[in-house]
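Next, two complexes with chain A in common: one pairs it with chain B, the other with chain C.
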Partner chain A sequence: MSDFFSAFFDELPQVRSGLWVTLEATVLGALAALLLSFVLGLMSISRLLVLRGTSRVVVEFFRGTSLYIQLFWLYYAMPTLTGYQLDPLLCGVVAFGLNYGAYGAEVVRGAIGSVPRGQYEAAVALNMSPLHRMRKVVLPQAWVQMIPSFTNLLIQLLKCTPLLWLISAADLMTVVQQLRDRTGETLTAYLTLLAVYFVLAYALTLLMNLLERGAKRRLGLPTGAGSLLRSRSATEAVASVPGGAR
Partner chain B sequence: MNGFDWNAAGDALPLLLEGFRVTLLATVLGTLVAAVLGLAVAVAGRAPSRFVTVPVRAVTEFVRSTPLLVQLVGAAALFTSVEPLTIGIVVLGIHYAAYTSEVYRAGIDSVPKGQWEACRALSLGPRRTWQAVILPQAVRNVLPALGNYAISMFKETPFLAVITVQEMVFEARKYGADHFAYTEAFTLAGLVFLVASYPTSLLMRKLEKRLGH
Partner chain C sequence: MATEPLPLQKTADVAPADAAPGAAPAVAPETGHPLVRFDDVVKRYGDHVVLDGLNFSVRRGEHITLIGPSGSGKTTILRLLMTLEKVSDGVIWVDGSPLSHVRTPAGVLKPAPEKHLREARKKIGMVFQQFNLFPNMKVLQNITEAPVNVLGKDREEAEARARELLDLVGLSAKIDAHPSQLSGGQQQRVAIARALAMEPEILLLDEVTSALDPELVAGVLELLGDIARNTDITMLCVTHEMNFARDVSETVLMFDSGQVIESGPPEKIFTDPEHERTREFLDAVL
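Entry: the complex of A and B
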């Protein structure tokens, strides 16, 4: 067995803790982003100009300034400005949440907009309150539309977690780089690292496909057998959101 | 500790704009590589033999599902004799080609079947079929999507700073470290990104509307 793999298995606890940091950042960042997507997305369809305007400005700001800069700003600039230093992992979660929350808000807005007008009218005719209408009629249908785009964003978020290495959070990339420095086996080390991310991305895609299947089943839509392992579509995110996913 | 130092910001701006030229260069050349390579991959994906299509699909899927940063750092560590900027442009191009190839594929799929049949009826060769009939229609439909990927590539160029390409964020980090003025340097760099990318994305939206998406 090559040096790299023997080092890899010798240091398994360290590798596992790196993997854990990566997963933690992905999952917590995604949850923060999900929350923010709904807040900003619902604000953007509000009747009040103030809410719509605020949402627009926040979304464009966090989409327009690069994630990389946001992360570095939180890690390097905020302490000098406020005297308050965040933990690197928390920095990552906040930056991922803000950036992908802004992209997700567009997904939420687009999906809610795609629910047929008649559904609203029917809910009004049935005398449902606005909240009830949103919760029971509009969101369950919009949610099915959102999931494929959210899957794309989730994988993109996972692919950004190696940035944590740059702000000295001991994520998977940090650990594997250390092993590579020790053994000098560059090609093996990076290929292994890529393979791990690939497997993680596939596992997340599978989970999201399960979620989509459940959401569709609740609406009584056909779920399409054997679609669970299908890969994400790169064009879906672009096509389903007005103005593109970018 | 202390607030925003406008003098430092004024000092840093020329350096940042110097770096911004490299950022733009990397974006333009990277987009070019992605546009050409993506098209080649999309056309190869429609090859008659499975020995071509299956590996092509597998490689694109792999490139698309793995982090750009790891690809960059790995490539820079393997090809130490190559200029970092070149590595950056090529890796950015390859990474985004995995995305653009899907866009082209959708564009090619959207060309009506009758167009292919007409080519056959006129007994055009494969080359003429692609060049004169299919691609002109397919590419027109995918232009906005390609533009959006260019914008997103632009916002990922800071990754190149990691492999010591002296683009804008590299300069911002350097200035921040030398003068202990991270706040000013990163705020400015972020604003430059915003000022450059927001109008471009509005332009893409307009193009999308005009092409009737």
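Entry: the complex of A and C
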């Protein structure tokens, strides 16, 4: 067994803790992003100009500035401004939440816009309140449209977590980097990282496919049996190939 | 199905018109106090005038069919009544109250806020050309969702009522189906049951058979005929089904260019129309 793997197994508790930090950053960051996606997405379709405007500015700002710089700003610049140092993991969660929340807001806005107008009109004709219409009619239908795009964003978010290394958050990347430095086995170290991130990303894809399948079943749509293992993307959902045996 | 008694006789009698709150119509009501009255209603989309100073009224319990060429503004009338659109000018009166206006302390009518519209919509139900069932709800919930969460009915009571209505529309077996598992005709019958579950005084039917395959049309029309004969629900129906207009409605309104150009009982309109445009239209569709 190579030096790298013996070091890897010797330091297994540390590797496990690094993996845990990566997962925490991904899951908490994704939850923050999801929350922000809905808040900003719903604000962007509000009748009130001030809400629409605020949402627009926030979305454009966080989408238009690099995640890299946002992370550095939160970790290195904010303390000099406020005198308050955030924990590295929390920095990561906030930066991922803001950045991916901005992308997610556009997904929410687009999905709500894709629900046929007749659905809204039928809900009005049944005298539902605006909140009731959104909660019981529009969002459950929009949710199915959102999942493929959210899957893409979630995987991108996972793949951004190695940036935590730059603010010394002791994630998986950081731990493996240290093992590489110690053993000098660059090839094996980075191959291992590639494999681990691929496995994590694929596991997330499967989970999201399950979620999509459940959401489709609730709408009485075909769930595409056997397609659980296939990685789907937003574009693919739209341009499904007729008779596609892939 | 046509002969069985319908479980939808409305027991609540007609509220006296003058009991309507804040009702002091700027224009005195016509004889017999119409349930619906369009008072110089104008609807414009940009420069395009769809309804041009429209006046007509509907008596309580009356079944009216609106006919006329495409683009003559028939559907717009229903959409205005359902408050899906706002009038550009004029006032629609329902049961003596302005539908989409409120009276300011100075006595001037101004466009109403959502709260008033929700009050106004209580009396009115609508069935759409494209059915618009909620795909995220099964048939039963499509029918009970609004009675429970809008009218505040007890769930069991609402479900019992939904079962009666599904029986009426002949779809008891589909109670647990998704809308996507139903044919167009079945979806439309569920949509009719859903509208009836809200106990509307006025039912708006917007080309409800136009999206159906020909063999499914008869079932839906028969059902609507039953409802017209066995309830006191006032019906306004936009349709291209002239037989339906003849069999079900007491009054046919012929529209052209945003105006009622002729109105009368179907036997008169269909056999001896006065207006040249009506004759041309009927020649084209019959």
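Note that the second predicted complex is superposed on the first by the 232 of 246 C-alpha atoms of A that agree within 3 Å, B and C clash if a C-alpha of one lies under 4 Å from a C-alpha of the other, contacts with A are read in each partner's own complex, and residues count from 1 in each chain.
One rule holds in what follows: a contact is a pair of C-beta atoms (placed from the backbone, for glycine too) under 8 Å apart; a residue touches a chain by one contact, two chains touch by 3 or more.
The structure presented is a predicted model; accordingly, all values stated were derived computationally and were not measured.
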So, does A:L81 touch the first partner chain B, the second partner chain C, both, or neither?
first
Is A:L126 contacted by the first partner chain B, the second partner chain C, both or neither?
second
What is the contact status of A:G118 with respect to chain B (first) and chain C (second): first, second, both, or neither?
second
Does chain B (first) or chain C (second) touch A:R218, or do both, or does neither?
second
Chain B versus chain C as contact partner of A:P140, first or second or both or neither
second
State whether A:M173 touches chain B only (first), chain C only (second), both chains, or neither.
first
Chain A residues touched - chain C or chain B, whichever exceeds
B
Of the partners chain B and chain C, which touch A:G64 in the superposed model: first, second, both, neither?
first
Once the structures are superposed on A, label A:L35 by its partner contacts, choosing first (chain B), second (chain C), both or neither.
neither
In the complex of these two chains, what residues of chain A are touching chain B?
60-61, 63-70, 72-73, 76-77, 80-81, 83, 155, 158-163, 165-166, 173, 177, 180, 186-187, 190-191, 193-194, 197-198, 201-202, 231, 233-235, 238-239, 243-246
Chain B contacts chain A in the complex at 1-4, 61-62, 64-71, 73-74, 77-78, 98-99, 102-103, 105-106, 144-145, 148-149, 151-152, 155-159, 162, 169, 173, 176, 180, 182-183, 186-187, 189-191, 193-194, 197-198, 201, 204-205, 208
Chain C-facing residues of chain A, complex:
116, 118-119, 121-130, 132, 136-137, 140-141, 218-221
Could you list, by residue number, the parts of chain C that touch chain A in their complex?
82-84, 114, 118, 121-122, 124-126, 128, 130, 132-137, 145-146, 149-150, 178-181, 191, 194-195, 198
